[in-house]
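Input: one structure, supplied below.
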Amino acid sequence: MLGEFLENVRKKAPLVHNITNYVTVNDCANILIAAGASPIMTDDLDDAAQITAICAGLNINIGTLNARTLPAMFAAGKRANELSHIVLLDPVGVGASALRTDTAQGLLRELRFDVIRGNSSEIKALALGGGMTKGVDADLADAVTESTLEPAVGFAKEFAQKTGAVVVITGALDIVADGSRACVVSNGHPMMGRITGSGCMLSALLTACAAANPGGVFMSAVAGVCAMGLAGELAFARMSEKDGNASYRNYLIDAVYNLTGSALEAGAKTKWA
Amino acid sequence: MLGEFLENVRKKAPLVHNITNYVTVNDCANILIAAGASPIMTDDLDDAAQITAICAGLNINIGTLNARTLPAMFAAGKRANELSHIVLLDPVGVGASALRTDTAQGLLRELRFDVIRGNSSEIKALALGGGMTKGVDADLADAVTESTLEPAVGFAKEFAQKTGAVVVITGALDIVADGSRACVVSNGHPMMGRITGSGCMLSALLTACAAANPGGVFMSAVAGVCAMGLAGELAFARMSEKDGNASYRNYLIDAVYNLTGSALEAGAKTKWA
Amino acid sequence: MLGEFLENVRKKAPLVHNITNYVTVNDCANILIAAGASPIMTDDLDDAAQITAICAGLNINIGTLNARTLPAMFAAGKRANELSHIVLLDPVGVGASALRTDTAQGLLRELRFDVIRGNSSEIKALALGGGMTKGVDADLADAVTESTLEPAVGFAKEFAQKTGAVVVITGALDIVADGSRACVVSNGHPMMGRITGSGCMLSALLTACAAANPGGVFMSAVAGVCAMGLAGELAFARMSEKDGNASYRNYLIDAVYNLTGSALEAGAKTKWA
C-alpha cells in the first residue's frame, strides 16, 4: 500500500512550486523529477502567487530566506491555502536567529500547513517558540533515539494536533505524526547527513507525495520518508572505495529515480508508535 | 562543417555572461566550460552592464526572474546590443504568469536577440503574446511531432522573421529557423527531459556557439542543438542499471566535454525543412 | 604535521558561514562537509550577523555580489571580527567591474581578514587597486610560473604584510604567504580549471581549516591548499575515458571526503620560498 503512494506521484506528475534556498535547489528539482513530479521555482512577490495557482503543492523552505523572498512565501502560501493546495514548511535553522524564528512562527500563524518537516532541533525550536538551534544540523542533545522515542513521539503528536499538520521529524529514526497516530521509520543511512540537502530534498519529495495523494497526506508522508530513507540505503550500498559524498548525492537521487512501488513496500521499515 | 562551429568554441573560448536562474546555474557554468567557453554570472544592475562589456555573448534566462534581477537583464541586454555582442533569450515559463509574459515581451520589444530558444509552449506563448504554459515543461498539445512538423516549421520561420532572431524550438524534434530557412534536428533522448536544466544548458551552449562563430549564428545554432542532442544520446548509452537522472546529468555534461568536431559531424541528424 | 591541520577539521567540525555566489554554493557546502566541517549559508542583512555569531569562520565570496547581499557581507564581517572569528575574502572577478573593485576594496578597508584567496589576476587587481581582470579566470599574463615565481612570492608577502592576512594565490603553482614567509605548493591538476568552483571550494575549505586551527592560520592554509591540490590529482587519476568535467567535480569532492591526514602528508608538494 505504501508503494501506491509513490506510484501515484509517477502517475499524476504533480507540479510542485518550491520557494527554497539556493544551496540545494538543484537537488530539489532533480529529486522531484526522479520521483515523477515536476518542479517549478519562483520566489518573487509578483510571480509566486500566480505560479503557485497552477501547481498542486507548495514547498516553503527558509534555508536562505531574505527580505526579497519573505513576502513571496506568505503570498504564495495564502494563495495555495485558498486553493486547498498542499503546503509544506521546512523551517531550516529555525531557532538559530531571530529572523528565522520570527519567520517560521509568522508562517505558522498565517498559513495552514499540511506537512511540517524538520530535524529534531528545528521542530523543537518551532514548537517551543525559541530554542538554540546550532545552525542547520540537529543538536546531538535533541536526537531521537530508541530511549527518547516515546517522549519525542508524544511531542510530535501534540505539535501535529496544535498545527493541524502532519509533523515529520527526521534523524536516525524518523517520526511521522498527525494528531492521533504516529509512525516511526527506521530506514535511512548516516551518510545522508554527510551531504547537503537530504532534508531539503525530502521536503520537496513529501510535497509531491502529498499533492499526488489528496486525502492521504499522513500515509503519503510515511511513504515519502520511507522512500527517501530506502534510497539512502541503496545509495550507500552502491558506493565504491573512492566514492565520497558527491557521488553519494548522485546515487541518492538515482535511487529515488529507480525506486518502484514494490521495492518500497519490501524495503520500508515502519512501526506504529 | 558543423564540427567547425563546435571547434571554434574550443578555439576561441568566448566569455559568456549569464543572467540566469539559480536552479540550474551551476550546470550552465559547467556545460559552458565543457564546450570550451568561459562562464561568468552576475545579475546586479550595478554590475551587469559592465561585466557584459568584457564578454562575447549574453544569455538571458528568466527562469527565476525577480524584481532585483529584471533591471539587470534590460541593462545588460542594451549594452550587449550596443556592442553587437551575441544576445540569447530563454523565456522560461513565459505564459505561466503575467510577470513572465510581460517580462519576455518587454525584453523582445526593447532588445535585439540573435537567438531565442524555448520549448514549443514557450515559443508559442511568446509569439502569440499570451498562452497558458503549464509551468516550465512543454504542454503535450504543443509538442512538435512528424505530423505537426510542417506548421511548426512555418511558425518558427515566421517568428524568426518578425524578431530577426534565430528561433530554436526544442523537444523530441528540434527546429532551428531564421526568416528564410529551417533545419530539423532529431538528435536527443527523452532522458534529457528527466533532469532539470537541459534547456537552460542548451541556451548557454548556443550563446557560446554563436559568440564563437560571428556571422554564422544560424549554423552555429544547428551545431549547438546537434551537439547537445548527441551528448544526450551518448549520456544515455553510458547509463548502467542503477543510474538515474543525477548520473545522467553528469554524463550529459561529460559528453559535451568529450565531444569532438568530427564526432559531431558523424552523429548529427539534421534535415532541411 | 600538515595532516593534523586537516584532521582538526574533522575533529572539531567547525560551523562555517558562507556569503557566497549562487553558482557554486552547493559545491562549497558539500566540500565543507567532505572535509568534516559544517556549512551554513545566509546572506540577508537581518540574518547574517546573528548567524555568523554561532559560527567559527566566515567565508566572503563576491562572485555574484549584489545590492541585497553587500550590506550582509559588511555586517557579518564586522560581527565576525568583533568575535575574533576567522574571516576569509575571495574577491571573485575583482578588477572586472567597478562594483567588484569597489566592494573588494571596501571590504579590505573595513574588515580584518585572516585569509585572502584569489587567482593571480584577482590578487593583483586587489593589491594594486584597479586592474583589468578578464572575468573570473586568471589572465595568462598574470600566471605564476617557475620563472615569475620570485617576484610573485615577493608580491604576495608584501600584500600579506600590508593587510595582515595570509595571502593565497592559486594557479598552476600556488603561493601561501604571510608577512614573513611563503610556501609554494605544486599540487593540483589543470583539470581543476575545467570545472566551475575550484577556487570557491578552496576558499570554503581554507575557512574551515583556519577555523579548526586557531593560532595556526598560515600552516592551516598550506594544508588546505595541498589538500585541495592533492584531491585534484586523485580525482584526475580516477577519470575514465567517458568522464568529463562533471564527473571530475564529483571525484574532486569525493577525494576530499576520503583524504586522510597521512595521505595528505605523503602527497603534499611544498617548498619554502
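Order of writing sets the chain letters: A, B and C. Residues in each chain are counted from 1.
One rule holds for everything that comes next: a contact is a pair of C-beta atoms (placed from the backbone, for glycine too) under 8 Å apart; a residue touches a chain by one contact, two chains touch by 3 or more.
Note that this is a predicted model, so its numbers are computed, not measured.
Give a one-word verdict, same or different, on whether subunit A and subunit C use largely identical residue numbers at their interface, taking over half shared as same.
Different, since under half the interface numbering is common to both chains.
Could you say what rotation angle superposes subunit B on its sequence twin subunit C, using C-alpha positions and rounding to the nearest 5°?
120
How many angstrom lie between the CA centroids of subunit A and subunit C, rounded to a whole number?
It comes to 33 Å between the two C-alpha centres.
At least two partner chains per residue is the criterion; list those residues in subunit C.
22, 26, 68, 249-250
Going by the contact rule set out above, which residues of subunit C touch subunit A in the complex?
15, 22, 25-26, 29-30, 33-34, 38-47, 50-51, 54-55, 68, 234, 238, 249-258
Contact residues on subunit C for subunit B in the complex?
That would be residues 21-24, 26-27, 63-68, 93, 96-100, 134-137, 194-197, 242-247, 249-250 of subunit C.
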